[in-house]
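What follows is a pair of complexes built around subunit A, which joins subunit B in one and subunit C in the other.
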Partner chain A sequence: MHKFIEKVFSLFIRLMAFMSIFLIIFIIFFILKESLVFFRQVSFLSFITGKIWRPVSVNPSYSIFPIILSTIFVSLIAIIIALPIGIGCALFISNYLDEGLRHFVKPYINILSGIPSVVYGFIGFLVIVKNFEVKLAFSSGESILAGGILLSIMILPFIISTCDESMFNIKNKYLTTSQALGVSKWYMITKLILPTARRSIIASIILCLARAMGETMAVMMVIGNSPIMPKLLSKGQTIPSLIALEMGGAQVGSLHYHGLFAAGLVLMLLLLCINIILYFLQRKLNF
Partner chain B sequence: MKKINLLICLFLVFSLMLTGCNKADTTSGNDDFKAEIMFSGSSTLAPVISKAAEEFKELHKTWDNVDKSFPNEEISIFVSSGGSGAGIKAAIEETADFGLTARAVKSDEKEALGEHQEYTLGVDALTISLNPENPILEFKDNFTSEELQKIFSGEYTHWNEVDDRLPNTEIVVVIRDIGGGAHEVFQSSIMKDIDVRQDAIQSPSMGALVTKIIENKGAIGYASFGAVNINEGKIIPLKVDDVEPTIENILNGSYKISRPLIVVKKGEPTEAEQKFIDFLFSTKGVEIIEELGFVPSN
Partner chain C sequence: MRRYAQGYFIKLWCVLSGIIVLSLISYIIIYIIINGISVLNLSFIFDSPKGMPLGSEGGIYPAIIGSLYLTLIACFFASILAISTAIYLLFYCNSIKISNLIHLVIGCIAGIPSIIIGMFGYTLLVYQLRLGRSLIAGGITLGIMIFPVIEVKVERIISEIDSYIISSSYALGVSKTYTFFRLVLPACKRDIIASIALAGSYAMGATAPIILTSAVMFAPTPKSLTSPVMALPYHLYLLISESISIQNAYATTFVLISILLTINIIASLVAKTGR
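Right after this comes the complex of A and B.
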C-alpha cells in the first residue's frame, strides 16, 4: 500500500513537471504560430531594422527598431540607477545591521516588490512626469528618463534581496577569520565580500533586466508611447507597452494583430540574446 | 517500467490538453437555462453595462422575478473590458455572449460574425479639449478641421504657428492608442488619410488622456463628451467647424467627431438575454447611459 501511494505520488509529480514544460513549449509555439503569419508578408529584417511603426495608416509600415531601442534604453537606465543603490543597500543590510534589525528591515524592502505596477505607474505619472513639467519646464514630462527612474525603483528590491542573501552567507563564512586576522570591516567588504558576491550581482542584473524589459503598465503611463527614436529626454515606446496598448484595439486576424505577436516574439528573442551574452561574458571573465 | 511510466504521463498530459478542445461544444448547447451573461469589449461601453447589470440584479435578484417561465436562479452578468476589437473577437469566437464595441462593426467582421444582432445604445462624442490656462482660449473658441489636421499631424509644432498672438510654446498632442476605437473615430472624421505625428503621447485610457490635459498647459487632445461633463471647468471643449459639441448637435450628426456604442450578438439572443437588452433600452437604462456621459440613441 505504502509503495502504491509512493508510485502514484511520483507519477503525479512527473505529470506536473511535464505540464509546466509543455506550458512553456505551448506558449512559444503559439507566439511563433501567430507571428509566422506576419513574417510571411513582412520580412523579419525590415521588421526589426525599419524606423516607422504605423499599423493602421492608409500606407501602413511595420517596423519596430525605435521600439526595440527604447525597450533596451529604459531598462539600461533603470539598472544604471538601481545597481549602485541596490548593492550599497545590500552591503549595509548584510554587514552593518544586527540580526534583529535585518529581519525587521528586509520585509519592508520585499513589500516594495509586492506593490502593483499600476500604482507605481500612477505615482510616476503624477510625481515624476509632473515634476519634469513644473520644475524642469519640459513641454511634456513623459520621457525615457522618467521611465528609467520609475523602473529603477521597481527593480531595487530584486537587486537587494538577491545580493543580500549571498553577501550575508559570505560574511558569515569569513567573519571569524577576518576578525582573527584583525582586518577592518571596510577591507573585508571591498576585498572579500564584493568580489565573492559578483556572481549574484550578475544574476541580479539578469533578473532585473528581464523584469525591466517586460514591465508594462508602469512604463506605459510615464513614457508617452510614441514610436520614435529614443533620446534620454524624448518620449518613447517599449515593446510590452506597445502590445498592451494596441492589442485591445487591433482587429483580430489583421496584419496589425499578428505584428503585435511578432513584437512579442522579438522581445523574447531579445531577452534570450541578452541572457546568452551575459552567460558567455561571465564565463570569459572567469567569474 | 520507466518507459511505461513515461507513456502514461504523456498520455495523461495529452488527454488534459484535449479536454480543452471539448469546451466549445458543451457551452453552445442551449438546452439548459443559462443564468450567466458575459459581456466583453470596449472600455468605453463596459461601465454602462456594469452599471445596468447592477441595477438589473438589484431590481430582480433572481431570473424567475424577471419572467415567471425562468427558473429560480440568481442573475449573474459579467463584464470584462479589453477594447472594441477584443469585444468583437469575443462575440465571433463566442467566448462572451455579447461583444461591446465603440465603433461601427467593419464589413469583414460582419462576415466573420455571420448572422448577428447589433444594438446601438447611444453615441459618444469626442471633444477637442484644452487646458483652461491655455492662452488660446482668449482668442479662439473654434478649430477648423484643417487646423486640427495641421496640429495633430505635426505641421504646427508650436502654439504661435496656430495664432501669432500666442507664446512660442510647444503643442503637446495627446491621443488614445492609434489602433483603438476612439482614435479611429478621430482619424476618419478629422485626419482622413493624414497620419498623426509619431511623437504624440498615446494614453492608455480616456482617464489618463483627460488627466494629461488637466496637468499640462500646452496639451490638446480629444476627450470624450462624458469625460468633459465630469471634469467641467478643468478642461475646456472647443467648437469644431463652428459646431458646438452639445447633445442636439451630436444626435443630429452635425457635430462630426462622434462614435456609436454598439452591443453585438452572434446569432439570436436567448430569452433571458433579450430581457436584459430590453432593460438597456428602458427608461432606467437610458438614464444610466446619460449618467455616464453618453448620449442615448432614443
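Right after this comes the complex of A and C.
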C-alpha cells in the first residue's frame, strides 16, 4: 500500500513538473511561431528601423522604431531619476537608521511594490499629468517625462531593497574594523560601501529596466499613446501599451495581429540584450 | 575643509533621499485614503454598476467578486504546478543539468512582461481553444504570470529546512512521500500558504494579462467558469480612461488597495505564527 502511494505521488509530481516546464517552453515557442509568420512578409530590419506604424490604412506600414525608442527612453528616464534617490535611500536605511527603526521603515517602503500598476497610472494621471498642464502650462501633460517620473516611483522599492540588503551586510562586516581605525562614516560610505555594493547596484538596474520596459498600465495611462518620434515633452507609445491597445481590435491571423506578436518578440529581445550587456559589464567590474 | 564638505554632502544626499522616499509613500497612501473614504459607502460595495455611461453611478460588487474568483483560480492553477515543480527539483531530480535547465526556463518566464503572457492567453485560450473572454482564460493567464513567483519562494522555503532532518529520515529507510508529508510539509506549511497569498495579491492587482483574456466592461457576478467577469483593476482603468467618474475611481482604488493590504497583513501573520 505504501509502495503504491509512493509511486502515485512520485508520478504526480513528475507529471506536474514536466507539464509546467513544457507549458513555459510552449509559450516561448508560441510567441516565436506567431511572430515568424510576420517576418516572412516584412523584413526584420525594416520592421525595427522604419518610422511609420500604420497598420489599418489602405497601404499599411509596419515599423516600430519610434515605439522602440520611446520604450527605451521612458525606462532610461525612470532609471536616471530613481537611481540616485534609491541608492541614497538605501544608504540612509542601512547606515543612518538603528535596528528598530529599520524594521519599521523597510516594510513601509515595500508597500510601494504592492500597489498595483493601474493605481499608479491613476495617481499619475491625476497628479503628474494634471500638474504638468495646470501649474507648468504644458500643452499636453501626457508625455514621455510623465511616464518616466511615474515609472521611477514604481521601481524605487526594487532598487532600495536590492541595494539595502548588500549594503547592510557590507556595513556589518566592516563597521567594527573601520571604527577601530577611526574612519569617518562618509569615508566608509564612499570608499568601502559604494564600491563593494556595485554588483547589487547593477543587478538592481537590470531588474528595474526589465520591469520598466515591460510595464503596461501605468505607462499607458500617462504617456499619450501616439506612435511618433519621442521627445522629452512629447507624447509617445511603448511596446506594451501598443499591444494592450491594439490586440483586441486586430483580426486574429491578419498581418496586424502577427505584427503585434513581432513587437512583443522585439521587446523580449531588447530585454535579453540589456541582460547580456549588463552581465558583461558586471564581469568586467569584477576584476 | 573639503573633506568636511564631502561628508556633509554624503549625509545630506542620504537623508534627503530617505525623506523624499518616505514622504512620497505617505503622500500616496494619504491621497488614496482621503479621496477614497469620502466617496465610499456600503451601497457602493454591494451594488452593481449603474447609470449612463455605465459605472457613473452604483457600485462595484460584481467587480470585487470577479477579482476574487480570478485570483482564486490563478492561485489554484499556479500553486499546483509551482509546488510540484519545487518538490521535483528538491526531492526527485538527480541530474544537475536538468535542474539547471528548469531554473533557466523559470527565469525566462519570470522575465517575460505580463502583457506578452496576456497576448499568449488571448490567442491560445480565448481564440484557439474557444474559451472566449472568460473567468477560466483570465485565471490561467494570471496563473502563468504568478507561477515563477510561487515556485522560487516555495523552493527557497523548502530548501531552508534543515537538510539533516531529511537525510536522517532517508537513512532510516523512510520513503520520500512519508518524509515530505510528515516532516517537510508540517514545518513549512504556513510559509507556503503565505507566499501563495502574496502571489495572489500580485495577481489581483495585475491588469495587463486580463485586458485581453477575461475582463469586460459589465457582467453580473460570474455563474460559470466560461462567463466573462468584471475585475477591479480593469474597472478602475475604464473609469479613468473613458473619463466616466473620477469619484468612483477613487472609491474603487480604495477598495482594491484595502483588499490587497488585508491579504498582505493576513499572510504575514500566518507566516509569523508558524515560527
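To be clear about the criterion, the second predicted complex is superposed on the first by the 260 of 287 C-alpha atoms of A that agree within 3 Å, B and C clash if a C-alpha of one lies under 4 Å from a C-alpha of the other, contacts with A are read in each partner's own complex, and residues count from 1 in each chain.
We adopt the following convention: a residue touches a chain if its C-beta (ideal position, glycine included) is under 8 Å from a C-beta of that chain, and two chains touch if they have at least 3 such contacts.
The structure presented is a predicted model; accordingly, all values stated were derived computationally and were not measured.
Using the contact criterion defined above for the overlaid structures, shared-chain residue A:150 touches neither subunit B nor subunit C, since it reaches no partner. Of the two partner chains, neither subunit B nor subunit C is touched by A:219.
In the overlay built on the shared chain, the residue A:125 is in contact with subunit B and with subunit C. In the superposed pair of complexes, A:13 makes contact with subunit C only, with no contact to subunit B. Of the two partners subunit B and subunit C, more residues of subunit A are touched by C.
Once the two complexes are laid over each other on the shared chain, residue contacts for A:78 go to neither subunit B nor subunit C. Residue contacts after overlaying the shared chain place A:5 against subunit C, while subunit B stays out of touching range. Contacts of A:264 after superposition on the shared chain: subunit C is touched, whereas subunit B is not. In the superposed pair of complexes, A:247 makes contact with subunit B and with subunit C alike. Of the two partner chains placed around the shared chain by superposition, subunit C is the only one that A:109 touches, whereas subunit B remains out of contact. Looking at subunit A, you'll find residues 14-15, 19, 125-126, 217, 221, 244, 247-248, 252 touch subunit B in one structure and subunit C in the other. Taken together, the subunit A residues at the contact with subunit B in this complex read 11, 14-15, 18-19, 22, 52, 54-58, 125-126, 129-130, 133, 139-140, 142, 217, 220-221, 224-228, 234-235, 237, 244-252, 256-257. Those residues of subunit A whose C-beta lies close enough to touch subunit C in the complex are 2, 5-6, 9-10, 12-17, 19-21, 23-25, 27-28, 30-31, 34, 84-89, 91-93, 95-96, 105, 108-109, 111-112, 114-119, 121-123, 125-127, 153, 156, 160, 184-187, 189-190, 210, 213-217, 221, 240, 243-244, 247-248, 252, 260-261, 264, 267-268, 271, 275. Across the complex, subunit A is touched by residues 6-7, 9-11, 13-18, 20-22, 24-25, 28-29, 31-32, 80-82, 84-85, 87-89, 91-92, 102, 105-106, 108-109, 111-120, 122-124, 127, 144, 147, 151, 175-178, 180, 201-202, 204-208, 211-212, 233-234, 236-237, 240-241, 246, 249, 253, 256-257, 260-261, 264 of subunit C.
Against subunit A, in their complex, subunit B makes its touches with residues 5, 8-10, 12-13, 16-17, 43, 82-86, 88-89, 92, 106, 108-109, 169-170, 172, 177-181, 183-184, 187, 193, 195, 198-204, 208, 211, 215-216, 218-219.
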